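So that we are looking at the same thing, I have put the structure below in structure tokens.
Chain naming follows the written order as A, B, C and D, and within any one chain the residues start at number 1.
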Amino acid sequence: MAYTFEPGKMYRMPTHFGPSLGPRQGPAGRKFTSPESHHTTSWSVQFLSDPAQLEALLPPCFALAGEPLVTVAFTEYTHIEWLAGRGYNTLGVSFPARFDGQEDHAVGEFLTVLWENLADPIITGREELGFSKIYCELPMPIEHEGETHCIASWLGFTFMDMRLTGMAPAEIPTSAPAPDDGILRGTLHYKYMPRTGEWGAADAAYPVLTPAETPRLVVHEVLQGAGAVQWHEAAWEDLPTQYTVVNAFAGLEIREYCGATITRSTGSKDLSDQRILK
Amino acid sequence: MAYTFEPGKMYRMPTHFGPSLGPRQGPAGRKFTSPESHHTTSWSVQFLSDPAQLEALLPPCFALAGEPLVTVAFTEYTHIEWLAGRGYNTLGVSFPARFDGQEDHAVGEFLTVLWENLADPIITGREELGFSKIYCELPMPIEHEGETHCIASWLGFTFMDMRLTGMAPAEIPTSAPAPDDGILRGTLHYKYMPRTGEWGAADAAYPVLTPAETPRLVVHEVLQGAGAVQWHEAAWEDLPTQYTVVNAFAGLEIREYCGATITRSTGSKDLSDQRILK
Amino acid sequence: MAYTFEPGKMYRMPTHFGPSLGPRQGPAGRKFTSPESHHTTSWSVQFLSDPAQLEALLPPCFALAGEPLVTVAFTEYTHIEWLAGRGYNTLGVSFPARFDGQEDHAVGEFLTVLWENLADPIITGREELGFSKIYCELPMPIEHEGETHCIASWLGFTFMDMRLTGMAPAEIPTSAPAPDDGILRGTLHYKYMPRTGEWGAADAAYPVLTPAETPRLVVHEVLQGAGAVQWHEAAWEDLPTQYTVVNAFAGLEIREYCGATITRSTGSKDLSDQRILK
Amino acid sequence: MAYTFEPGKMYRMPTHFGPSLGPRQGPAGRKFTSPESHHTTSWSVQFLSDPAQLEALLPPCFALAGEPLVTVAFTEYTHIEWLAGRGYNTLGVSFPARFDGQEDHAVGEFLTVLWENLADPIITGREELGFSKIYCELPMPIEHEGETHCIASWLGFTFMDMRLTGMAPAEIPTSAPAPDDGILRGTLHYKYMPRTGEWGAADAAYPVLTPAETPRLVVHEVLQGAGAVQWHEAAWEDLPTQYTVVNAFAGLEIREYCGATITRSTGSKDLSDQRILK
């Protein structure tokens, strides 16, 4: 007898071994809610860029919102509950955008791409959440003589160097309650899944939102200082699946660097509040 | 101005940097057709199992076909054209099945899971083709004193050991033309993509077929001998995203080993003939 | 003209490119003295064993000292100055011993072996210091549900699992000044370098001491709790260069576990006070 | 009772677990003599350089011999018997030199440095043989559109790219018997082991020879074509233990490239004929 899909359970390929295992569903449907999950350190650098260049990275349903301020963030996660205590690193590039749809209005950081150094969260993040996650190597940042050096490479080709210097303790920001203006707030993404055999068509193509609320998040330390990021232009031979991504960033105008931040925190959420924008 | 999707071009997340790059679409839409692409060595072991156990791994639209003969295949690919000459390894588990739909009838190996040790082909294979690809480490097989030892692990937890011994040259099989019986032949898969926010619902869920024809494939050498495969039962803590997969194989009855094969070949195809079964 | 060795400078193979670079000599003879060097976290487990088994691991010039208390310590180092900010992990096994020579008397932990996951400190440590360093993989410990799990493997073969539980803050020990009894204190090693061509003879074979004093060391946090360590017996095929080491530990009697400790500290020294015992 | 060293057996740190395990001594003193050991592929590029620059890389006891022809060779070894079937890769740089001592006269390639991507053979090779082995990452060469690309990096910093093109089958050279002129032939090295505590002094410092004879070596295929090698100048921060080595090669004049060779062979020897030159 062939198996049947259990109603109400989440599935992911391969579907043949029962409901999926991941951040939003553990063994026997278990949820992951530990406040101790996710020990997080994030190193980020911001700069003002050319608004026209950023707009050209937005899918039709989004528009630039406010200043053309690009954030490049390298993040280390450890103690992840759904990975039974393991961790991984990420590198994301975002800028502020807004969505004005038939039903929903939303503003937030538009996450153009999120590199991760572990395939399992890449797969769940792309398919369940619509995050534009792809793979690269993200070794632990090197700290030396007051400088932190974050590196990203793919099969040995280094495509980004980010450096933070002069980091000094800063006030931990208190998150003001969001204004009650009917506008959704969070991280913006565009989910796209190609249709098999009908090349160029999609099984799914829709904007999605990661709501900003993260009740279990506790920020322990914030440092601020200066930073810079350098992208290394790549040939197809260097990055055959990603050179267009890296070269877009290498070609972004840097009008002015706007500082660097290191944030240490604990707590996360399972992102089961991820939703389609309509 | 936001970007627009170029009609007729394939896309994959992130869609914001132009058409996707992968096996079926290179820079400027280039196709990959080199007969030199894919230098392949495959080590496989077969055994007869319990048909009821195998049927329980089949989605509703498939049925067991013929003998309950499981094939475990560890494969090394190098010289891959779409990766600009790089390679990766895979580990697949399959058994014969059939599909009888409203329009299509197909028989072939049902590929329950395909581990790969590189995220880029995992992503393209899952999303464009519907292969049940997941990640693990697949180091090069160890050859010593006439035995070849293939190993699979995930973040250090070894979950499979396969050993081949007494491998002697065998005749290279000539592929007979498929009978003209209207039945499709190839590898069978079940594509499933979850829908964001509507947990338990799917953006896509359909059977797919990789047609058997591979005109550029040239088999250079076939060796046959004996083999055995051992799966190591895992706790959730050991393999938090995959223990159900490994434990299903660890629990499969091995009624009789049916030999081992090593095959060396060159040539492949871009799998753009992958199709939905209806 | 061939090069000549600069007098007073340290050298290491290859000697052809100028004085060596390492912990005790940087570019242009620079010393590494930053108090910020070495951010260290150490996870250790102790147990009482059979004194006769431990004595059998001692070279002729050493004797067991006091209780047969074995310490297994997994240590993570980051921010290492001589590596320009990089780090590495180690796994050591030691027990208390004494040396009574013609000139020197010394007591301390006898370091039977120190695995490290980076070749550069292995080479300098063996050749310059006489540490019995060998290589293995030492991934970051996994912390989950109150348990820390340290793992050691070699080319994928896991040979040790160590687990610490119930770790609670403890007092930071104040290091009492060593008694003025003429006895040297520190870590004991036996340096041995084989002579080329005269197989079985040695270029060097002598006991060495790492003096205990580490003025720049600052301990920030100590946690104590329970722990256990498990060694996995190996065949020659599993660990062809190290199975005798691992099997010796796998065969050690564990009479009683004596607790586990986590220590976080900063500061180190360059070990240029390493000395031969006479 | 402390252990004693077994006479006639080879030892290496840690000496506490019995005689050493390595290429020249296996379990119970076993020798490794299989003609199937070492499946080898070597990619090499040669160029003429400035003789004065090469002489400056020679220890006092050696002199340049003949043309200043530098060979850079990237080699993949698999099926290594003493590693129970595993393998590793190497990258060596050599040029012809001669030794005229009080007793011995020798000519051959002077191996300035040999990078390897596995610590175990680095340790045995340095200490037992006097090879100037150090560590780096040496991924499998990338073959694409008729070009083979060999890469060397250290913790992610790529310091060498070598490319071979237009490789065509060539005659397999027959090794003529060495002339009976009393001159030793093989690979030349300079072994140096520092003395602990007496910084700048040596426990051992002597020239050594790897005799050329390798009776079990069978060359299966030779290809010849063109090639080029590029070294990337490094700061201390990039390669804190090796930047002087890489920068010496980056600064070598390339007067004329002299072709590239790919050689496939099987068979090796245990190098127990390695000897001190006097």
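Keep this in mind: a contact is a pair of C-beta atoms (placed from the backbone, for glycine too) under 8 Å apart; a residue touches a chain by one contact, two chains touch by 3 or more.
Worth saying up front: this structure is predicted, and the values here are computed from it rather than measured.
As for how the two copies chain A and chain B face one another, over half of their interface residue numbers coincide. Fitting chain A to chain D on Cα positions gives a rotation angle of 180°, stated in steps of 5.
Centre-to-centre spacing of chain A and chain D amounts to 45 Å, using the average Cα coordinate of each chain. Rounded to whole angstrom units, the spacing between the C-alpha centres of chain A and chain B is 29. Centroids built from CA atoms put chain C at 40 Å from chain A. Within chain C, the positions touching two or more other chains are listed as 84-86, 144, 155, 237.
The touch graph of these protein chains is complete, with an edge between every pair of chains.
Considering their complex, residues 78-79, 81, 84-87, 140, 142-145, 147, 149 of chain D touch chain B.
The residues of chain D lying in touch with chain A in their complex are 137, 139, 144, 151, 153, 155-158, 237. Considering their complex, residues 1-4, 7-18, 20-22, 24, 26-27, 52, 55-63, 82-86, 112-113, 118-120, 122-124, 126-135, 155, 190-197, 199-200, 202-204, 206, 208, 236-238, 240-245, 248, 272, 274-276 of chain D touch chain C.
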